Amino acid sequence: MSKVATILGAILGMIILILSMIDFNSGKILSAFFNWQGLLVVLGGTFAATLINYPLGQFGCFFKSIVKIFSQETASPQLAIEQIIDLSHIAQQKGVLGLEKEIDFIDDKFLRFGITNLMIYRDEKSLRLSLEQSLNAMRMRHLTCQDVFNNMASYAPAFGMMGTVMGLIMMMTTQVAQDAVVVDGQGQDMLGALLQGMGLALVTTFYGVLFSNFLFIPTAGKLKVLSDAEVLKNQILIEGIIGLKHEESPIMLREMLMVFVNDLTKQRLDQSMH
Amino acid sequence: MSKVATILGAILGMIILILSMIDFNSGKILSAFFNWQGLLVVLGGTFAATLINYPLGQFGCFFKSIVKIFSQETASPQLAIEQIIDLSHIAQQKGVLGLEKEIDFIDDKFLRFGITNLMIYRDEKSLRLSLEQSLNAMRMRHLTCQDVFNNMASYAPAFGMMGTVMGLIMMMTTQVAQDAVVVDGQGQDMLGALLQGMGLALVTTFYGVLFSNFLFIPTAGKLKVLSDAEVLKNQILIEGIIGLKHEESPIMLREMLMVFVNDLTKQRLDQSMH
Amino acid sequence: MSKVATILGAILGMIILILSMIDFNSGKILSAFFNWQGLLVVLGGTFAATLINYPLGQFGCFFKSIVKIFSQETASPQLAIEQIIDLSHIAQQKGVLGLEKEIDFIDDKFLRFGITNLMIYRDEKSLRLSLEQSLNAMRMRHLTCQDVFNNMASYAPAFGMMGTVMGLIMMMTTQVAQDAVVVDGQGQDMLGALLQGMGLALVTTFYGVLFSNFLFIPTAGKLKVLSDAEVLKNQILIEGIIGLKHEESPIMLREMLMVFVNDLTKQRLDQSMH
Amino acid sequence: MSKVATILGAILGMIILILSMIDFNSGKILSAFFNWQGLLVVLGGTFAATLINYPLGQFGCFFKSIVKIFSQETASPQLAIEQIIDLSHIAQQKGVLGLEKEIDFIDDKFLRFGITNLMIYRDEKSLRLSLEQSLNAMRMRHLTCQDVFNNMASYAPAFGMMGTVMGLIMMMTTQVAQDAVVVDGQGQDMLGALLQGMGLALVTTFYGVLFSNFLFIPTAGKLKVLSDAEVLKNQILIEGIIGLKHEESPIMLREMLMVFVNDLTKQRLDQSMH
Amino acid sequence: MSKVATILGAILGMIILILSMIDFNSGKILSAFFNWQGLLVVLGGTFAATLINYPLGQFGCFFKSIVKIFSQETASPQLAIEQIIDLSHIAQQKGVLGLEKEIDFIDDKFLRFGITNLMIYRDEKSLRLSLEQSLNAMRMRHLTCQDVFNNMASYAPAFGMMGTVMGLIMMMTTQVAQDAVVVDGQGQDMLGALLQGMGLALVTTFYGVLFSNFLFIPTAGKLKVLSDAEVLKNQILIEGIIGLKHEESPIMLREMLMVFVNDLTKQRLDQSMH
């Protein structure tokens, strides 16, 4: 139910955003909230800084990640335990080497890699090292992708604030000065123009906070959740594969792997076993 | 006395909040502090961003945690030591295997799990590894729940600030401009309207800071306190179970486990022992 | 000279604070700096949030700590080394078991605990483990107490800011609006009232920054200094007790323990030895 | 494709910056954005503080790093694996000592250092220690260079803010006061002058945010990316050199080293092998 | 060239600061930047809070550190390697025990301590442990001194901000109110007084940012650079002394220690050896 929450959150966010942008006096969405020049400063600046910061390949994970958080489910530790126990039944009947024929039927990429390594490495230490190095390298790759979003989350409000400062400078040094010349003596008009100028200048701050808190931070957070779940699943698989190496019984393996999951999953596993 | 403090804190906070919202000129709570549109932006935005960030299951820990901090006591290290020493008396009389009959009478889930493992694993190393992996997995699950609140604590002021910026933009570009047209020449009215608009816009900042500092941060903090106490209790239990495995005497066990507690608990333990 | 600095700092701070609160036109302390409602929001809010955050027992360390930083000296590594060397002289004459009679004459609680353990545990590994677990548990207890102050240090300015926002909302939506009605056409009065309202609203920000930077942060810092010094002293004691176990000579022990102290203490030790 | 992204980002940033600085009423870049005194405060202050902070040698890495991020490609793990496998083919034919003749033909400095060490150290432990110490020392040197930029990234906005505060003080205490005397009764002119003064004062804030977010932070980020890629490459080389020491077969080496890379690189390696 | 950079930076900073404080209309340094009451709040408050935070002994490192960053050179890893190699030549001729006579001719305190320990400890493990504990204790002492400056760097802007808030409260509740009474109807004068009051209030913010970014942060940074260099030098010395214990040849020692230094130092070492 991971992508459901993300889609729900995105829709809820959109509705709230639109509702807050309606001016209830006129009943219309306020046009002041759409300012292409402001959008250019904030998003353009954020992307420019991110491009300087990361190689193209790593930058590409921006688009992949947006797709990923709306489509990928969190990895299931329950499924991992069940798969390991299925394999241990086969190993009990045909021996550990009998697992070789099963490799092609395994969907999970890490488990396939692990069973292949189980065939290759003779000693447990090398097997565990290889699996853990692989898991660690995966975690590092995930982290760099989260980093892209975390960086964008801090660039966006900075450029939003910069845009507002630029808008204020522009307004204060030109517009107002001109008004002062034209409508000499009429404080009212000048203040109105001043306020309108400030309103426009503030739009970039709004964009910066919006993109940071509705897009970049939640995406980075979701990527972390997905990564953590995958790491946990793979840790269970590593312990399971080492257990297979030791030719532990399915019951013992189940006992060993259940320490990684919460009570709910334990109950579900108990039911699915019997 | 853990939930007492939380309930006390919540009541105290409520009283202070209501007192500060009273306008002493009129003697009534100021209606300006209640603004449903503002509440929608701050709470709605916070929940939307949190939903994007976490799967539904993890998001569910929001409601569970609110209940938890008002109902759950911090785990008692004293009780843990007493339980271990009771078990060690039984183990001295009937042998370690005699503990198997006691499992059903143990309330503490982790201790029950530990004594079961004591029966299952023959070597100390596997026993300790299993208990520590279980403890670590529990700590990780607690951490993800604290993370939800920590994230909300940083989303809330951000959306509060965003709401204020949106309110200012709206006010500056429409309301004031209109006023300027209608009441030409009357600076007074315009300033009044401007100030009132600002006042309304600031409400979302107030909500953001309030929810963050009265709800999200203290809840995350309390969850951490509860988790830390449970981790300490379970560490004591792990050392105690390993001690049972080694068939240490009750006196030796007490000596070994007392290093984990403060002087007050030590004295209480000394009294309850004699 | 640890408490001297704290007392000096507190007095210096008081003087500076009072000097800055004097209005040099009138020569009196400005009454605007005393606002009981503002104080209630900031201190009340901070305490309420802290109560939600911590169990009563842990919250109690607030008052104990305030007393502690004005009364407790930092633990002396020099004294620890001298005590260990005194004990090693006795151990050389009467054997390690001869130290048992000395236990009652030892003031330092951790050293007494350590020498008791030296009698109890036969192997070095268990002895070291017991001492280090005890030291670690102590450090954790100190940390939770520092955490209370660190949390208050971040709550106080947040509630100070919240109070200012509340004051601005109140002022802008009621007071000024009323003034606008009453004194139509007199921009002067309105601006005066507005400024005075702002001044009052800013008082809570002042309180928040003041309590955070004069009370909570320095206290947390001082507790850390005291804790670090005690941890260092206990680390020296642990190494010393292990050395006693090994029946090292006093000269060798002195050489081993001097690596933990700075040059000044080394010189003092050299003088006190000869 | 690493430097391409950096160059692209720099160009994109320039274009956006210039576009945002154009005043669309007059069609010209606003002269208010260029203020040499303001630039002096921000850049001068940042460089002065950095000079106090770092020795000249370390400060020199500022200029080297700017060149580096526009010219250096990220280290390729694929190339590292291919080089190791090439060497393992040679080692299979001529023995490990036969690699000595190859040293001069190796471009990669770390690999050359590693193969030299392979000749020098007889036991694996010393070999691995030497390589890892060298890698670690390299990482530390990279970190100090990133630190220079991270420090500048926090100095720049601080001096930008300081410049604005100084500008406001100057403006408020002199300019405006003079205006008040000269144009008594004309609120309009004074407000205009005030706004213009504020606009000028804000320029340093703009510079601070701009340099921090377009120059210092992205450069520090890019240096980290380059360093991380080089560390990964060298970790692969270390494992490969240890593998050569063990006289592993090329196929086994490939299997061992592929755990460090992502799927895309794995496929490319599979293609390049066959 | 470490102190040269610090002195250069300090001079450059002074020049820039003075240039920015000149009012180019009058050509004089603006007196508004000098405000003894403001300076008292910021510096006095910072010192008072620091005194509460640290014992007198540790506080004393404030003055020592200021002197240190202008006088001490960063420790040279090159010199450390050369000294070790010189000693290894002597050890080759006269045996390791022959180094005892050299102790008095060694300038470097840590090396002298290390060679003394080389005489005292027979087994490598105790020798390494003693040296590493000593290095670690030194690093901890350096860290506490950096902590003093880091704390001051965060106290200064906080008290600067507090001073500004106090100034605003004072100005808004007294001065302006009085003006409002006196010059009824003259908005101009009141605004002028208001602005001047704000200008004065802002001076403490300026002081806070200035001291933090020109004094406290760069000093803490420089102390870290000096400490890191000394730690690296001592790590080289530790490895070298262990190498002397193993009676490694000078050539082998050089090879082992060169992994710690960069290419430039390697080349310089190669030249100085031949």
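We call the chains A, B, C, D and E, going by the order they appear; numbering starts again at 1 in every chain.
In this text, contacts are C-beta pairs under 8 Å (C-beta built on N, C-alpha and C of every residue); 3 or more make two chains touch, one makes a residue touch a chain.
Here the structure is a predicted model, which means the values were calculated and not measured.
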### Query
Which other chains touch chain C while also touching chain D?
E
### Query
With chain centres defined as C-alpha means, what is the inter-centre distance between chain C and chain E in Å?
24
#### Entry: Chain centre separation (chain B, chain E; CA means) in Å
39
## Note on the structure
Touching at least 2 other chains, the residues of chain E are 187
### Message
Tell me the shape of the graph of touching chains, choosing from line, ring, star, complete and other.
### Response
ring
### Going from chain B towards chain C, every chain in order around the ring
B, C, E, D, A
### Message
With touch defined as at the start, can you tell me which chain D residues reach chain E in the complex?
### Response
37, 40-41, 44-45, 47-59, 120, 130, 133-134, 137, 140-141, 144, 151, 155, 158-159, 161-163, 165-166, 168-177, 180, 184-187, 190, 194
### Query
In their complex, what parts of chain A are in touch with chain B?
1-2, 4-6, 8-10, 12-13, 16-17, 19-21, 23, 25-26, 30, 32-33, 69, 74, 187-189, 191-192, 195-196, 198-200, 202-203, 205-206, 209-210, 212-214, 217-219, 221-222, 225, 228, 232, 252, 255-256, 259-262
